[in-house]
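Dropping the structure in here first, questions after.
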Amino acid sequence: MYADIVGPDVGDVVNEQSVLILPVGAVEQHGPHLPMSVDDVIATETATAVVSTFGDEHDLWQLPTLSISKSNEHAWCPGTLWLSPETMMSVLRDIGRSIATTRAERLVLLNGHGGNTTLLVTALRELRLEFGLKTFLVHPSLPPAYGGTSTEVELGMGIHGGLNETSVFMHLRPDLVDLSRAERKVPEKIASNAHVKFGGSVSFGWLSNDFDDVGYIGDPTGATAERGAELFRHAVTTIGEQMNEIRAFNFGR
Amino acid sequence: MYADIVGPDVGDVVNEQSVLILPVGAVEQHGPHLPMSVDDVIATETATAVVSTFGDEHDLWQLPTLSISKSNEHAWCPGTLWLSPETMMSVLRDIGRSIATTRAERLVLLNGHGGNTTLLVTALRELRLEFGLKTFLVHPSLPPAYGGTSTEVELGMGIHGGLNETSVFMHLRPDLVDLSRAERKVPEKIASNAHVKFGGSVSFGWLSNDFDDVGYIGDPTGATAERGAELFRHAVTTIGEQMNEIRAFNFGR
Amino acid sequence: MYADIVGPDVGDVVNEQSVLILPVGAVEQHGPHLPMSVDDVIATETATAVVSTFGDEHDLWQLPTLSISKSNEHAWCPGTLWLSPETMMSVLRDIGRSIATTRAERLVLLNGHGGNTTLLVTALRELRLEFGLKTFLVHPSLPPAYGGTSTEVELGMGIHGGLNETSVFMHLRPDLVDLSRAERKVPEKIASNAHVKFGGSVSFGWLSNDFDDVGYIGDPTGATAERGAELFRHAVTTIGEQMNEIRAFNFGR
Amino acid sequence: MYADIVGPDVGDVVNEQSVLILPVGAVEQHGPHLPMSVDDVIATETATAVVSTFGDEHDLWQLPTLSISKSNEHAWCPGTLWLSPETMMSVLRDIGRSIATTRAERLVLLNGHGGNTTLLVTALRELRLEFGLKTFLVHPSLPPAYGGTSTEVELGMGIHGGLNETSVFMHLRPDLVDLSRAERKVPEKIASNAHVKFGGSVSFGWLSNDFDDVGYIGDPTGATAERGAELFRHAVTTIGEQMNEIRAFNFGR
Amino acid sequence: MYADIVGPDVGDVVNEQSVLILPVGAVEQHGPHLPMSVDDVIATETATAVVSTFGDEHDLWQLPTLSISKSNEHAWCPGTLWLSPETMMSVLRDIGRSIATTRAERLVLLNGHGGNTTLLVTALRELRLEFGLKTFLVHPSLPPAYGGTSTEVELGMGIHGGLNETSVFMHLRPDLVDLSRAERKVPEKIASNAHVKFGGSVSFGWLSNDFDDVGYIGDPTGATAERGAELFRHAVTTIGEQMNEIRAFNFGR
Amino acid sequence: MYADIVGPDVGDVVNEQSVLILPVGAVEQHGPHLPMSVDDVIATETATAVVSTFGDEHDLWQLPTLSISKSNEHAWCPGTLWLSPETMMSVLRDIGRSIATTRAERLVLLNGHGGNTTLLVTALRELRLEFGLKTFLVHPSLPPAYGGTSTEVELGMGIHGGLNETSVFMHLRPDLVDLSRAERKVPEKIASNAHVKFGGSVSFGWLSNDFDDVGYIGDPTGATAERGAELFRHAVTTIGEQMNEIRAFNFGR
């Protein structure tokens, strides 16, 4: 863990080859079958597994998870904790500014909450421009709206508390999942759209209660811990491969 | 044009079915073969063609182009005009706040500059949450990093001043293109990456002089006005289809 | 047009003698006889005519018009698009910061909307102090509150959609004017004031619906395209003279 | 003095007819013949004289002087205390917000520093729009750039530490003036300009060391306390007349 | 007075040994027996007495009082003038930035309003970090919540308009105090708390109308000008001792 | 843990009697004998022990630790992660705004880093004023500068990485402490001051390298896990008592 380094030793321990990883979680409603901690747990557990598995090989250092982030699509649901986009960007800038004082050149954001994705990509450039860092964004599971895939049974729209996310969380925290409170909540209506849909060519602004007031979008009814374990292992393996490329990444010049 | 409506008539002319379109351009270096106006011209001309073709059918209203936007990946090149992400978001918020006083419910951002994309997607949610607008983002040409495609000859990395963009601009402003100053500038080095590349699963922060100091990324040498005309027609047609869905779009509730 | 310069050529094309001109328009209600585009059209057309007439002589470069600006005195009227003073200042700062990377030393704001005037004058100093630019503000028609004159028939208070502005716009866009909807709307009540009036020694805060809910202030009933043509020619000539001084302007040191 | 009102009595003492006066000073270099306190002293003494003379008649209430303001044209001279335009606007907004909780409807800014003028005029509208206040700006001596006059001997450019200001200050604080250190410092060079000059039709950005490094602009050599006494009396009388109009001022509706 | 220094002489008059003092007042309700000016008067008079007594010895320079500050615990009472914490910090930063251009190294905030204390301590570090100043905070009377003491008769909770503050103000402005409107208003209820009380180990957020709507907290009924005179003399003497240490203060390096 | 509540159940689970606890840590240099995680670990472990011991009795809910906070007194040391005061306040505001949507009325900040204390106390009032929350601040160990005590052997100045903090951390993470790298670093020089010292009547701005470049202030050489265990138990017990008062706390009205 990065924070367990001795302050005056940072200059020796962290060097130009080191990769710093900032897990980004969320505390936000995920429907009645999941706790608010889902994204926070997944981001942290994935980062921990990645660092545990590949840390020595790739000189990875895990930063403290940013547990509360930009969850304002769930602002309607009491309990959700959310930062405004301005606050979130300021936090990222402050962290980037801090890291730039070390010899480390590479910062990876490991994001567990799809609602952060575009803001984080925007931040990648800001931190590069302002502090000269090489910056990267990885996901345990890439959101459909940003190039990822979702299951066919969910018509590609299992984007929040759906089959895959619920399965992964069942693997990580089985006692915190209650599938008896879940049902199929796929916005079938927009599935027939060619463009305006999740993962379509037209992005659109939405809140998680725009489609239905249950607060989740997808069909978690078939979720299993086994499926989750498989997805989790795959995510860790994939991020390991990504870290391999990130560590070697240099611009062409 | 929206701005040509008589002020006190806005309440009658613009209604709940109207779609307002904000073209978003840029004034930024595009290498030695293209002027800085490329994105501004493409965004504006596309919007004009879309409104001219489909405006009556879909009740479309073209707002003044936001000609200067977030072009800070080109800040290194004197001449580029750029807004900080904070300024850009403030401008979008102010426009959203203004539009929300009319009866219009739908705002479409028509974006000609890939460097804006993630900030604009972030703004879609802000404008929906703060002002209740239905918000959409369309592109004349979706950037590879956000789900679009680029040519194979450019290894999918013709992202700035490359084959397609140069062709479209040759169609629109043939006198402003000088292909004799162009050569192939594809960052071959990262093409072999599985993850960390344009359109790959790992986003990364980059400036347009990170790869090469020519400032463009792609291979414009084969660009033709004919190819550009075809791409432009296709963009207008596609956005017309998108407008059809946008106009009909309602959340499921 | 500045934006049509090739990026890498900016260093050669724009030099210490060049004058950059930023037209500042507005999209705001102008009463029932004029469209919202009035200030945007006048600022842009004036700049175009000035650059067309004097551009070669004085090395003038026209920047993209800032079409949406600080129109919050018309915020009460749905349809008006307005930036907050903070956003507007940020946009101007970002543009100044961008221009300061070129060899150009002189930036002229050509303002079509009186509601911007004081903020723009404030910005002149900020851009000089922060970026070392020589900065200037010119008007097609100087507002009475800032030293300009208005017609006697309007008691010097034809400040928004009145005789002169309506005439100029009739010259530029005759098809967009409907004088049949205009009447005399001069706030006679304050005309007898010695101090608290437009152009008086006491400035006061006002919104365009403070006096009357029609939204214009002045008497456009006698407006003609001929009068407008004369005023427009005079404005272009005057700004040409101003550019002559601006180009030669150097502080005494 | 407003601050000497008992808190719970504010609701009774200050009413819809009351006029609140905020003196705005500055602490900034004024050349070698004057102290930095000039504008602060003039604003405060003028307000005190006005309230003392006309306070009962017009129900005037003097707020604490804002002694430090936007003096950034003098930032180059160590000792000058200055607020950024953003800070200054925030202070004015906070004061406006506070006053709007009382029954008072009229706020007058009495400004002793020309460098504040345009920002204050901008603020007049903000406070009217945001808090519904009727807002006014008065000057002991209106700056030439904003419609005032300066002496002919100074070619209309005695704008900072010149004949009139020095005279007024000699009247108020004779012991703090040392005319032996003053000489004529009029920027003759720009006097021949028709447009680009103080009080001309073209505003320009300037710092007080742009013309000469002495820091004052004008010719204070002929200043006398007698002249100052006359100017001061005239200012008080004029502001008294202005207060008469301000107190009666209502928009036409 | 600092402001009475001649601008160009600041470099000679103010040197590395000088101590600049910024009195921080407030204009806020103090219950029915005291005017809103209490903190402003006490801060200013204390500073004046300190500089008058010890100024030559310790090279002290009094800055203009910041009369309006962060009084938002009294925002509920019309008449209170208050800055937001953001505005207040910006003002302090701007003043620190200005002072850092002189040779002075020491800035003392002399605070008359307990509601400012924590923000001012926070600012001490910001001004040290950003501008390299040595920064200090002194109080005429240290608030109980920050280590000071209050009278036993008030159970240590005479924190706003209570016995001591009322006495000091009676000494300074006897004509502005009306004890006939005062009674005992001590929040006895929380006195039995071991931790959650004024000066206890648990800080808590409170507004001055949380306990009682009279707006003062303490028991001013026994206040006398004699007691106030003694307290005032003691404060001036103590601050004189503090200035002695401040002037000599250097970090150990 | 608060985050493990099911979103739609928050309205039932968290009620008017619930107390939410936000641990505030830090990642900052603590000298060569301690890791950067000290404050983060202490804040989190203390909160966990408090909630584990008293959670059922007092209906306590632990929020995710804010691991990175305002550590700018250690900005000089590469590795320290720090938020600006503006960012930190924004994060607290956003959390307060979020919590105010639940039925919970009481928010306790449990602060492990003395550098946050004054900003957190300032925030207590902001969150009370803006969101109506009852807000409290508790410390595992109250800093000397804010009313706490430090050991006599350290002359009351064991404020960062000193005897007590090192002991507590040895109890919690014995493997992360290396006393062989510690020595006595007490700023003896200021101990003789009556006022300007830690816990003295004059607050002063300092950075952790102002006194010595080792980065810690105190004498950790005698630290033991036993002493730490005792201090930790005492802290938990004390905070338990504080929670008892907090839960019952109501203003007098």
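All chains are identified by letter, namely A, B, C, D, E and F, in their written order; residue positions are counted from 1 within each chain.
Criterion: a contact is a pair of C-beta atoms (placed from the backbone, for glycine too) under 8 Å apart; a residue touches a chain by one contact, two chains touch by 3 or more.
Just so we're clear, the structure is a prediction, and the values are computed from it rather than from any experiment.
**Student:** With chain centres defined as mean CA positions, report which chain is farthest from subunit A.
**Tutor:** Centroid comparison gives D as the farthest chain from subunit A.
**Student:** Taking each chain's centre as the mean of its CA atoms, how far is subunit B from subunit F in angstrom?
**Tutor:** 48
**Student:** If you average the Cα atoms of subunit D and of subunit E to get two centres, how far apart are those centres in Å?
**Tutor:** 29
**Student:** Enumerate the residues of subunit E that touch no fewer than two other chains.
**Tutor:** 75, 86
**Student:** Graph shape for the chains shown, where an edge means the two chains touch. Line, ring, star, complete, or other?
**Tutor:** Shape of the chain contacts: a ring, since each chain touches exactly two and the loop closes.
**Student:** What is the order of the chains around the ring when you begin with subunit A and head toward subunit B?
**Tutor:** If we begin at subunit A and move next to subunit B, the sequence is A, B, C, D, E, F.
**Student:** Which bits of subunit C are touching subunit B when the two form their complex?
**Tutor:** Spelled out, the residues of subunit C in touch with subunit B are 1-11, 14, 25, 27-37, 40, 63-68, 74-75, 77-84, 86-87, 90-91, 93-95, 98-99, 101-103, 176, 178, 214-215.
**Student:** So in the complex, which bits of subunit E are touching subunit F?
**Tutor:** Touch residues, subunit E against subunit F: 72-73, 75, 85-86, 89, 115, 117-122, 124-129, 133-139, 142, 146-147, 187-190, 193-196, 199, 201-207, 210-213, 238, 241-242, 245-246, 249, 251-253.
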